[in-house]
Each structure stands twice: as structure tokens, then as C-alpha cells.
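You will see two complexes here that share chain A, one where it goes with chain B and one where it goes with chain C.
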Partner chain A sequence: MNRKFGIGFAGAVGLALVVGSFLPSTETSAADKGAAISHTPGVPVTRRLSPQQYRSVIRDVFGDTVALGGRFEPELRRDGLLAVGAGYASVTSTGMQQFESMSRAIASQVVDEAHRDLLISCKPKAANAPDDACAHQFLERTGRALYGRPLTKEELRVQVNAANMGAKDLKDFYQGLWLSLASMLSSPDFLFRYETLEKKTEKNGVYDLDAYSKASRLSFFLWNSRPDEDLLKAAANGDLDSSRGIRRQVERMMASSRIEEGLRAFFTDMLGLDEIDAMAKDSVIYPKFDTMIAQDSKEQTLRTIMNIVYKQNGDYRQIFTTPTTFLTRRLGAIYNVPIVNNAANGGPELWREYTFSPDDPRAGIVSQMSFVALHSHPGRSSPTLRGKAIREILLCQKVPAPPGNVDFSLFNDPNAPNKTARERLTAHVANPVCAGCHKLTDPMGLALENFDGLGSYRTTENGVEIDASGGLDRSQFTNAAGLGKAVAESPAATTCVINRMVSYGLGRTPDRNEMPWVKDLEKQFSGEGYSVLKLMERVATDPAFYKASAPKPNVAPATSTN
Partner chain B sequence: MSTNKMNRRAVLRGTMGAGFVSVGIPFLDCYLNGNGTALAATGAQLPVVFGTWFQDLGFNPGRWMPKTTGFGYENNVELVPLDPFKKKTILMSGFQYFLDGKPLETHTTGVEIVTTGAIAQQADALATHDSLIADVIGTRSRFRSLEVSLSGGSRSRSKRAASASNPAEGSPVNLYTRIFGPDFKDPNAAEFTPDPVVLARKSVLSYVTEERKKVMGDIGAADRNRLDQYFTSIREIEHQLTLELQKPDPLPQCRVPGAVEETKPSSLVTAASANNKIFAPLLAHAVACGQTRVLNVGVGSQGLRKEGSSQTWHGWTHEEAIDEKLGYQPEVTYFITESTKMLADFLGALDTYQEGAGTVLDRMAVMWMTDHGYARTHTMDNVPVIIFGSAGGRLKTGQHLSLVGDPATRVGLTLQQVFGVQVSEWGQQSNKTSKTITEILA
Partner chain C sequence: MVFRGIQLAVISAASSAALLAFSAPAYAVESQSYVVNWFAGAANTQPDNCVGGINPPLEDQFHKELLLTGMQPVQADKVIKDYLNNENGHDVDTAIRYRGRYNGRPVNVFNNPQTIPDPKMKAVVGKAGYGFNLDGKGADDPKAFQDPETLEKGVDNQLFRAVGCLEGFRGSLANHPTFWYWIWQTIRDSQPAWLVTISGEDLTKDGPVTFTFDRALEYMVSNSGGEARADVTYRIDPDPRSHNVFKGEIKDGVAYVTEHGNFKMLQNSWGVPELNIRNFHMRMKINKDRSMEAILGGYQPWHHLYFAFAHGGLSRETSTGSLAGIYHLLKSNADADPDPKTGQNRAISSSYHMKAVPVFAVPPEPPKTAPPKPVASVGGPVPASR
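Showing the complex of A and B:
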């Protein structure tokens, strides 16, 4: 076994460096191990599993008939991504109670009579007593899949002891296994993703990740789940020590349909589509709104993107201009497109591809319900929120928060009520304190005013005709399709997706030192027709993706919360 | 100094003095009996409970501050719904949130100051005072704290650190199941048999945790804090299992409430108000049945709206004109009135739950907080903070104090001290204070 360190949980933190308790590394054959890169990489990040990752790992290890039964702590979004927030997230006691209760629920299904024959490959000598050998076999195999690395001898001993304790106390082998498995599912090694550096590869303070950490980074990046058996084997036998070995795995994984899962996870995070789950609309103003249609709107956008970046392996920028989308019957009611639903009675809604005419303002994801409804108020549209979302989400630019102590009376003239959003916002811009930020957001948002707070098309607001002209930097346009084109042509849109993708893979925004690498990726992205798949492959096969500097030693005194 | 002669004011003064005076044991322990259920001196009093009620967007200037200070004040128009609790109220006006040159993140910075004492712009926010208090008084109850959100969602204002925000319960049914579901042990049940499965769970959890700790090396500061957080959370689960294995102390006033019906949490005022009417008695029962000693309620004011209206309360504060005749924003005022009524419903549920001579509210201190002095213009001065309940006689209620220009952190400091947190000063920069509000101490 090609284990680098044997100190279990802390060893897996990659901070074993500070302890200096490395076990001798095994020899590696590959010549390019520790190959130099042209910049100093940042530090590794410990990340909490996201709810989706948790679900995926459980499904990968135990199959999809095991139910989770529980809820997750809210995720943190930092620098535009939940994947970055995961590097800050901890576990509160209430959250831990949920994790603990989910781990018992999952473990009890794994050992129940319906699943045990399939999921536990050995039989105990007696069902009412401990059985070292069978517990060992099950926990070793399952632990490796759950943690994404083999358990150390010591870890395995503890888990087998725990199973035996439980089996003895409850006079039931499977109950013992239940408790031991539940404790693995509640362990930090499962709930967090640790990254470990390999000491032997050190060159000028730069390290390779160890093989299992490489496998984990790669697997979460491409598939949003822990490494599968093939990848774990590649880590164990040293394949991931060479660029060739990594390339082989990347090719295999990118050829799998699971890459679509990974791409969806990335775009869901980047576009904040998870927030649609909590989106609320006023049912009197928007009677068509319900949670089903909200979910459909998210799926519509993901399908639109997948069609371009995955199925066609096309130009990323087209997601802002494409007239082609996918609709259900429910969504058809919002888009004013009749969709015939010939699904079986009670069956799920069917999806239909639909292409808007070339002169339709509906083009690209910015004109879709998932975008215009999410960045609106519960009962009306908001050019400011929409413009801010375009800047911050699609162009990675920061819009400052509104200043304090603003005198709103300037545009609160009850004798001249403003009928349209444009009129209301013009009042803002008349105030120099407000104008600075509003001119960053409003000219883009106003081009989306033909879509109400839910995303339905309209030509008037309060009886006054809507003027949907707008501007983005130097581009001027007359409607939403023009806005989409301007976003697509903005260089910020392509640098933004690269930045987000690198941050997503590393769990942090790139350091200043890493910017030359990001710049290189930009050149390659444009040279390769803005293919997101190619970009992912570039990142995943780049040696820089698997290197890190050592985290700073612990200088702060350990704090106790009690 | 022998502990049985220690008087509470002396302890408080000790911790508030110029230098930090180390007191050997937490303040409350000198008064609690071995089970932590009664004051040793009288053998009768039930433990104190802390609560917070967060209502963003505050009140209208000129419509909430009483005309007089001291005892026997009359409520101004917007606080009239709280008249039934006037004798149990400490209304404090004039507080300031200090920015110290930092940018004002509207509706956020004030919250940070009043709950954590510091402006951290969320990135490295400190623990909120309710967490600090829960660390002292909440360690022996089943839930260290309970958070609810009246308008749905899982965000709460309660934080153990920037990275660890306590999730709120938005559904009364889920709250009911968490407290009074299958894991609830009726303190007054005649029979008690420890559950062997719970015993086995506890043994395995304790064993595995201890073994894991042994292999923990020295790690980076950030990860160390997160792992400490993890192990604290695990310790609380162990603690909860320990409680499940013990026969609970009988609490004669504990009545197990009947199941509640599913509601549709949403940002509609009507939904929040309906949810509050279910949450409030559930929380009163949870306190009476010894399940928790810290409650945090979030109104979710910003997103509240009327059915059929396109505008939220927050939106109205900035976009509604001041009615010339009335002198205030009528729509905004509707929301203020409705949320004050919700508060009255909440306090009513606590105050109608009798426990011997007193009520659940009597042994609580519920701290009302808001984000701005005047939401319309995002002011950071003349901010009110209100306390309801006397924390079991520790606070002098029924008064209005004008504390113009004082940091609002004085309230957080005083309440931490009242609940036994060993702290002599609290907050950062201008929001730092070592001045206990002695006028409210009984």
C-alpha cells in the first residue's frame, strides 16, 4: 500500500508538515514527479462537503436506494462561490446533530435486511456476537470509499473495536456495524475534504499533493464526488505521480457521462442557482409561480448551458446569446410558448427543445426565468438587482454596497409618482451619491425590463410603455438580446468563468502569484474556441493544479470554545 | 472568600472592576443546586433563560420613545401593543452603533455590533452574545440553544464564529419534532428505563472521538478552530446522550404540548404571524420542560410583505414617501405595528405559562434588537434596545432609561454578566465597553 503518512485524521489534514511526522514515502517511478511550475502555488484548503457532494458520495458508495433523511446546514458563499465558502465552513452543534442523525439513518439502511446481502460482502459467524474478520473486511472497504483513501491501521482498529463494542452491548453483529459505520459517517474525515502534501517532493517550499489528495481534487473537480475505484487504484499504484498517469485518468473521467454532473455542479455554483430553492414570489401578483416551476427554471438554464458547453462542446459565450432553450409545459406558460405535454398521466413533465425567432428579445440565460426572477423582488422586477447580478456573477466585478445615511426624500415625491422602474431609477441617478453605483448596474438591468418579476414578457408597466434600451461599458443596445450579445462580447465574461473554475477546483481564489497561470489559461481558452470542456481538461491536467505551498505553521494559540 | 457567602452583586462587581478579577466558579453555580434546577438558597427558583428577538428596520422616530424616563413611563404609540408587559420591560433609548471609519454595510453592520460587539464585515465575525451566554447556562440542557425564523429559511443571527452560524428552524412541525418528538424524555414520567441503544451509541461515540483526538497533531490555526468546533459539537451530542440516559429531574410545570399542524412558512406578514403563534407556545413549553435555556427568534423583517403587494418592508422604508399629514410612512408603519403585535403574542405565550408563582417570562430576559435607529436613512444613532423579563429577579424592570450616545454593547455586556459569563469588558474600538448598566441590576 502506498500510504504516505500513518497518522490518520490529522495526517490527512496536510498539516502533518507542521508536525513533521511523515512516514517514509515509497519510491516512485515517474520522472516528472515534483516537476517545477513557473509560479508559487497557494496553500491547500480543507473543505466541508456540500450537500450535493454528500448525496453523491452516499449514492456512489451505497447505491441510490439509501435515503438520507435529514437537512444540511446552510452553505457559505465566499468570493462568489459556495466551493470557496466550503473552505471556511465549520459544523455547529445543531448542524452536527443533523449530520449525526443522518449518519445513523444511512448506516441503519446499509445493515438492514433489505441491503445487507448486497452491501456487506461477508457473513458473521454468529449474528448475535462480534466478528472481527467480517467487521474488518466491511469497514476497510467502506471506509476507503467514504474517506477517499485507505484507513490507517490505527483508524481501522478503532472502527473494528467500535463495531465489536456495539455488537457486544446490543448482542447483534449488525447493530455493532451500524454504530461503527455511523461514526465513520460523522467523522471529520468524511465530512471534510483534507489535502495532504508530500514532503519528499518539496522544492523551494512548493510541494506535490499526495496521491489521494490529487485523486480527490480531480474527482470533485470533474465529477463533484469522491474518487471511484479506478481512481483510488491509480492513486495507490503511483499512476498519479506522473503527468501521463493523470492525463489517462482525466481522459477516462471526461469520457464518462458523469462529467455532465460535474459541469452542472460548477454552473449551479457559479450562477447561484441553488438560491432558486429559497426563491419566493407573491402568489397574488404571480399566480403561475410555485416551487415546481422554480425548479423547472433552474433545470431550463442548466439544460441550455449543457446543450452548448457539453453536447455541442461549443463556445462558452453562446450561453448569453443562444435562442435555443428547453421548456416544460409549466414553463411554456411563462414564456408564452404552448408546450404539448404528452407525458403519462401523473408522470414527470417532459422537456422540449425550443428556439426563439431571431428578433425575439429572449436570447441566452440572462433572459431566462432563473435569472430575471431570481434577481427581482417578490412582487416586481429590479433593474438594479439584475444589473448587479450581471456584474458580480457573470463578469466577476464587485458592485459597492449602498452608502449609509442616504436622503431618499429626493426621489420620494408623492405628487409625481413614478410609473416605471426607469423613472424611479432616474430619480436615484439624479442624486450624485447614488449615481456612482446605479450607473454601474441600472443600464444593464433596464434592458431586462420587458421581463416582469417572474420572467413573463411585458411591454408596459403601470400603463406606460417600457423602454428596454441600455448599455454595458461601451456597448449600447435596445433590448435583452442586445444585452446578451454585449455580455458575450465582454472580455470580462471569459476571464470570469476561468477565475471561477480555478477557484472552484482549488477551493479558494487564485493568489496573486498564480495569476500568470490564470493568464495562460485565458490564452488557451480563446485559442481553443472558448470550450469549457477543454478548459476543464487544461486545468485538470496542469501540474499546477496538484501543487501547493505549505500552510503557515500554527502561530495562534489553540482556542477552546468552552 | 467562601462560595456560600458570595453575593451576586459582589461577583458582578468583581468581574466588572478595573482589573479582571478571576472568580473560581461560574457565577450561577453558587446558586444552583446539584441538578442545576433551583437556587440553593431557596430551593425553589427555576433556572434563568436568555432570549433574543431580532427585528430589523426598527421603529419610526418620534413614535416609540416614551416621553418620560425612569419607572412608570407610558408607552409611545408604536409600543402600545406591549402595554401588558410594561412592568416587565426595560426600555433603553439613545444607543449608538460606532463605525470607527469602517464602511457602513447597511442593515448588516449594526447587527454585527449589537450581537458581537465588533465590525468584522462577516469575514471573521466573532461569536454572538447569545452563544457566549449559552456556553455558560446552556451546557446542561438538551439543546444548547434553539433558533427559529418566523418567515421561513434557515438563517439566524446566532453565530458561534463566522464559519459556524446556528441554523434556524422555519417550520413549527420540525421544531415540534426536534423538541417533543421520539427523543423527548418526559421529566414527569413515572417510569424511566435507560435505552440500551442510546447507551451503546454513547459508548461508541465517546470511544471513537477519544481515539480520534489522540491522533490529532498540531495543525494550522484556521483548521484548528474548525476542528475544535467539530469536537465541541460532538461533545454536545455525547452530552445529549448522557441526558437521555438519566432520569430527568421532575418539572411539575412541564406539560407536553400536542402535535402542531404543518404551516406554509413564507415572507407574508400573515404567515409569519401565524407561525409565531405556533412557535411561541412551543418555545414556552421547551423552556418549562427544561429542554433549552437560550432562544433566538428572527422576524425576518426585511423581506416581509403583504399579500398581493409587490413591495417588501425593506423596500417601503426606502421608497415610500412620508405622508405629509401623518408625518410618517404609512406602509412601513403597518409592518412595524404587525411585528410589534407578533412580539406581544410571543411574550404573551411566555407570560401565560405559569410556573408556581411566576411565569416562564419571569425567569427570562428577552433582548429585543434592531439594525438601525431609522431604517429609512440607515442611521446608527438613537437605537433602542429593549429587555423583557427580569431574569428571575436579577433585573429591575418597568423602567425607561435614556442612554444617549452610549455604545449599545453595554446591554450585551450587562446581560452576559447577569447570565454568568465572566467578562469585564466587551466589544471593539468605540463599541468596546466595560460599563455595566447598573441601573437595571436588581
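Showing the complex of A and C:
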């Protein structure tokens, strides 16, 4: 395999970004070329592993007793997704130091006495000397699992030689192995996901991904991790060159419980739940807030969604209307409902299914703490932020940023006569410059005003009764439950999840040329009861998912090196 | 602060069910549970309620008591100097710990406080103190206080009178005395939480109510600022040793216990291991922020209190003041339950300030195996009124 990087990888520090910059492989494919598609696909994207993907791969390869021992760089969100931002993310020198640190820590654990018998399948002839055969065996297998493809002969030879030299100098076979393993773990082949085109499949400038790139795209899409052994074998033996072979793998992977990991990763990304990790609240105003409750709120929303889209394989739109959720005792204090925890004092809190009454405004994920608290200010709610989040996150609509000279004085004046957010916003949007955008956001956000900045239910603000009526396009409602119903009934909500899912899988927003494919997926989504599992299966088995155009020669890759 | 504002919406079916399971009356249709956030002696320190100022610092008390044991002044000076300089720890500890004398031999003064002559420490002389008229003598009782909140006269709170001139016991309802603050802050996150439930037909109106006190199976959950978290769910410990039911009534927005029985509550042994209060009284009010405050009191065995003060030994003494002195203060100010042989009162009137936040209290789920038989109550129940 002859990989041609768009930009050289000049050492560990100062790694440059590579976006969709791979030229087709010169290797040939003996299998069929896959089904033809009616549109011109976009270019492949090189993506930095997300922290969760990094953890998953390490866990898959070395087990869950190996600690990472480092910190990840912040992720980058583009077009609504971290999965898209990953195609724009670079590695700073500090970030590379962290990757280096983690690679050394992980490699140390793999070769230590507690793990080596389990993780290194061969034993050296002598522990204080090189053993070429054993080093070769370990590095070949481990490299394949880490990179998601076999190492080239040259790559493997370099790593084995390094291990042998290290073992000789240090008089320790395992220390030599440690050097090579740490090197692989800080390699761009591990830290990035590359996609390569198969030259032989070219038709009118459209290529199939090569088999290992297909395996990688499929595996990260469904399981949010590198391909497992079965999938790598399928790539090696040509199974992924046929639609039937891909379908066989998709069915296998979707039958695995690991599909839930993939679904969780997708919805965490789509809903921006990662941002909860950095959510802060004023502890004087919201004394119940702490980081454990914040984490619980994220898990609550994921469990709510998984219950519908995975366990029940139900209608996606129900996530906006369901009265059923899952709570810990901690969250019970936010929602003011009794949640019994039978765990021992100090033990982890148990999750309990809880269904709100049919007339309760608490219905659907929009009414949950993860949404209303995240899209609020540290010390108060925000109908505007909440409405903006509904537009941008759930409906994939763009809300313009406020003008630079916007006057917030009326809104922020603590001595202003307006007691409620509705009154303050009404005064604020008297300014026609502000009114345009606020009309897009506030009618929805005001329907969530019964939830304070932390998500607890309230009926008044500053002693004045809250009016939680609102509207979304042509729908009018009186409270949050009505808002959830309106979102569920909005065609934009279902279009949005399809767009996000396709973007998530491709690592980029679909091109205009690809919109017919997306439209087809919309029809299928509707015809299959808005099943997210079915949608994933449709995407994963569609030949379009594995095709790409070559980057145009005049499109220069990014060259910044910070 | 008035007893208003309980919303039907916040009353859980579960907590009502819990009450019904624990002998709530048939009319109880509304209930609200609370977890105790703070529990402290109800102090009402005034600038002038200790004649000539408060009791002297601990080192002065030690010096005086060492002399009472027959130690020479120069020796006592050396012990106190070393104590203050944190030197010769073993010798200092031995001298202070074993400053009691029995048949001329040194004995542990914490276990045997009667082996040291009464150092005659000061007690409170003021007339303002929180509590209740327990003995019914009213204004005619020369030892009694007048409650600064209710203005009731004849209030019996001899515990406050006994210890109120020691630095560690001085404070107010807003600023609890250091000793009580320290004890409760130390134990509340590591002992089963205390629960209070009030139930009645309509808790926003005057009328009969029922108070139920229990321990929870869980420890108190606190906010990041350290205060108890509201709206958390607690399971009620079925152990009868901490289960109490009292009849009461809401009058003019304040809820009172009207049937004055015996109150019992287990506590972490760092405090009073078993709180026993006879002739139990309580008044309770709800604050605007939904929290609850109460003054409660009655008669409790003063040797239980002494144990709570003394069982930490010398380290505890640094926060209480001279334990031998406290022993004699408690003994001399005890005002109930006279020993039929000696006439010495065995109980002392006391009052406590309690703060609590609204929570859910629910019955524990049925055990999968038979629960162990409850262990007999430590020390037995408080004797009935004589």
C-alpha cells in the first residue's frame, strides 16, 4: 500500500493538519467495484481520533485495565458536529506532548509484568536480549489493530528493528518492545483516521474507498472504534468489495451490543452533550449543581434516547415527546420527584426508570436538565440560547450571530422593572435590529421558562407568574410539552438527524451533489417508522457511503503547523 | 417566618404512603418531609449574662484544678507552660488526664469527674433563653427564662444555663455555638440522616397535625456549599429506636407538638449516641425558601450529655472547656427526675435549634431476607415522669 500524505509528518511535535488530501492508492482491487451511484460524492476526510475513540481503541486492543494517563486537546465543532470538526483539527505541540505521554504510559503498562503474559502472545527466548520473531509477531498484530490496517513491510521492519535495538541497548526485550509500541501509539497512523481511494475503481472521477478505509469508516460509524478482527479479515479477503459482503458485516455489527456505543457517540455529538463537561453554574443561585449531577444529566438524556431508538427501536420523534426517562437520586432532587437509591452510602447511584404524568410539562429531551441547563447562563435561564439551540441542534437551521453593537442594557439591568424573561425580551426586541433573530429563537425558548437555569421546575420568576406559551413556525403551544410535540412534528427535525448522521459518518457535510442521496434517505426514514437503527443500516449499506471523489489538484491542503 | 407555603404539588404520594405506613392518622392527606440540616443547642448568648465575664480560658481552669488535686503551684505552672508550648506531651497529658484523685491516687478525670472538687465554674444568670415551660411553674419559677421569640415565661432550659458561660457553648440561633456546630458538622455527612415529617389535612391552615421523626438509611446529601440538599429522596429506617410520632397542631401559622411524650433518636457516637428527651416539646415554622426551623426540647439525662461532652477526652476538652467543671455544672443545674435515694436530679431541661430542608421520605423496599432483631436500646429508655 502506497500512502501519499498531503503533507509530511515532521516528527512528533508540530503535526500539521491534513484534510481530504489523499491521493488514490496505486494498489489494485480484484473484487467487484461496488454498485454505481447517481451522484458525485465528496472527497474523503482525514480525521483526528476523538478522545472517546482513542479510549475505545485502547480498550479494544489492550483491555480496560490499561489507564491512559494524559489529557486530550479540546475538540473542534464544525457544522454542528465534532465528527466534522475532527477533519479540521490539528495537534498542537502541547497536545502532542500529551499524546506522547499517553503513548509511553500505555506502552509501559502493556509490557509490565502484570499485563505482558496476557497482552503479548509470545515469549522471548531471553528476557534480556532481542528476539526478532517475538517482536515481529507482537508488533505486526498490535500495529494492525491500532492502525486498522496491516503495517507495510517497511513500517513493520522499522518498528521491529527499533525494538531489537532497544532490547540490545537496554538488555531488556520488553523495554525494546515498549519503545516501538510507544512510537506506534504516537504515530499519525494511529492518531488520525486516513481514508484511501482505490484507483482501479475509478469511474468518471469517482472512487471506491479501499477495503481498510471502508472497514474504518464503517466501524467508526457503527461502533465508534477501529475495526475488529472480523472486519479486518473481511477487508483483507475482499469481502468489503461487494455490497453483499458489506451488508453481512453491517448485520453482524448491528446485532452486537456495541451498536449502542455508536448510537451514544452519535447523539452525544449531535446534541453537544460533551459541552456539559464544561458547564458551570453559580452555586449560590443553584446550590444543587455539581459535576456529578451534570454528568448524570448527560447520561439521563442518552438513556432516554437509547430507550426509544435502541431498546424499542421506536420512532425517533418520540425523543421529543416521551414522558419516560431515567433518573438517579441526585437528579430526582433537580426534578423534585422521589427516586429511591438502594445502593450503599457512598456507592454509585442507581438508575431508575421514571414516567412523568401525561399533563406534566416535563416531556422529551428538550425539557431535560441536559438541554435547559446547558443552554442557559450560569445564573439564569435563557429563552434565546434555548431557542437558538433548538433551531441549530435539533432542526439544523442557522441562527445569525447578534450584531456587534447590540444593546443588552435593558435586558441586563437588574433594576429594570421587567420581572420575567418574557418581559425583558419584549423590551429588548423593541429594537428592530434585534427583533429579526429573536423572532427565530424566543418563541420556542420562552416555552421552556418553567425550567430555571438548572432545569428545576418553577411557576414564577421574581414573584410574577411565568407565561410559558410559545410557537414554532406554525405551531402554537402553552408549555414545554407542547414545544416538544411541535419539534417532533417538524419535518426539519427528521431531516436534521439524517443530515447529521450522514455528516457524522463522512466526517463532512454532504455536498450539494449528494443531496439526492440524502433525500432518498429521508423517504426511507419516513417509510421505516423513523427508526434510527434502520437509518444507520441504510447509510452503512449504501454504496454511496463508501465512494469519494479525489481531491482536486488545485485544492491545497492546510499547512499551518501550530 | 410563618408556617405557610407548602405546595400540594411538592407532596409526593410516596411520602404520604410512608406516613400511612408509620401510623399517621386517617385524616392525613397532605404531608411534607424534611431532612435535618443543622441541630444545635439553642443558645441565646447576651453580653451580660455571665457575671464578671465568661469562664476563664482552659489553661486557667486546668491550673486551678491541678491545685485542687494538691499539686504544688510551681508544678502546675510547669504543666500549663508545657501544655501551652506543646511540649512534654506525655507528661502533660498524664497530669491533666489523671488530675482526679480517689483515695489519694490519680484517676482519669474524664471517666471519673466526681473525683475532682467542684471548680465552681460560672453559669448563665440572664433571663432570656429559648425553650418551653416544661414544669408548668411559669413566671413563678426563679430559675426559668423568658423565650425571646414567643415571650413565654417560665421557660426551662437549664442546659443553656449550665454551659452558657463557656466559650464553646456561646452563640445564637443564627450562629450556633462552636461546640454544637463542630459536632453536627462532623457527624452529619457520615451518619444516617434525621427525618421529620409533618402531616395533616391542610398544612396551610390551622388544625391538627402529626409529627413523625425517623432516621434515614442514607446519609445526608449536601450541596457544594455544605448545606443539606433539598428534594432528595431518603428511605426511612424501620428501626423503632429512632421512630417517633407526636400529635400536634398548627396555630397561627406555627406547628406545635401538643402531646408531649418521649423522644428518642440514635446519633453518631461523636455526639450524644442516643438522644432521649422526656416531656418532648417542639414548635416549628416554615421559611419562605421552603426550609423549616424548629425549637425542640424537654428533659434529658444529664449523664448522657456529660458522656457526649467527655468521651473525646483531652482533645474534646479543648472545645468544651473543663470537663470536670462541666460535670459539676450539669449536676448542680439538673432540674428533673430526682433520684429517690439521694434526691439528686438526674435529668436537665434543654432546648435545641433544628434547621431542615424539604425532601422525600419513603419506606424502605421490602428486605429480601429477614432483618436482624433490633439490639436493645443503649442505656434503656428515659424514666417516666415521677
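What we mean here is this: the second predicted complex is superposed on the first by the 509 of 562 C-alpha atoms of A that agree within 3 Å, B and C clash if a C-alpha of one lies under 4 Å from a C-alpha of the other, contacts with A are read in each partner's own complex, and residues count from 1 in each chain.
Rule of thumb we're sticking to: a residue touches a chain if its C-beta (ideal position, glycine included) is under 8 Å from a C-beta of that chain, and two chains touch if they have at least 3 such contacts.
As the structure is a computational prediction, the values presented were derived from the model and not from experiment.
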Is A:65 contacted by the first partner chain B, the second partner chain C, both or neither?
-> neither
For A:278, decide between first (touching chain B), second (touching chain C), both and neither.
-> first
Of chain B and chain C, which one touches more of chain A's residues?
-> B
Pick one for A:476: touches chain B only (first), chain C only (second), both, or neither.
-> neither
Using the touch definition from the top, say if A:256 reaches chain B (first), chain C (second), both or neither.
-> neither
Touching partner for A:333 - first (chain B), second (chain C), both, neither | second
Please work out whether A:183 is in contact with chain B alone, chain C alone, both, or neither, and reply first, second, both or neither.
-> first
Is A:287 touching the first partner chain B, the second partner chain C, both, or neither of them?
-> second
Once the complexes are superposed, what residues of chain A are shared between the chain B interface and the chain C interface?
-> 283-284
Interfacial residue positions of chain A with respect to chain C in the complex | 283-284, 287-290, 329-330, 332-334, 336-342, 345-346
Which positions of chain A touch chain B when the two form their complex?
-> 7-11, 13, 15-16, 18-19, 21, 46, 71, 73-74, 76, 88-97, 100, 104, 154-155, 158-159, 161-162, 165-166, 169-170, 175, 179-180, 182-183, 186-188, 191-192, 278, 280, 282-285, 377-380, 401-409, 412-414, 424, 453, 551-556, 558-562
Per the touch rule above, chain C residues touching chain A in the complex are 10, 12, 14-15, 218-219, 221, 223-225, 227, 229-233, 235, 360, 362, 365
If you look only at chain B, which of its residues touch chain A in the complex?
-> 103-106, 135, 139, 143-144, 147, 152-155, 160-167, 196-197, 199-201, 203-205, 207-208, 211-212, 215-221, 223-230, 232-237, 240, 266-267, 303, 305, 307-312, 315, 318-324, 376-380
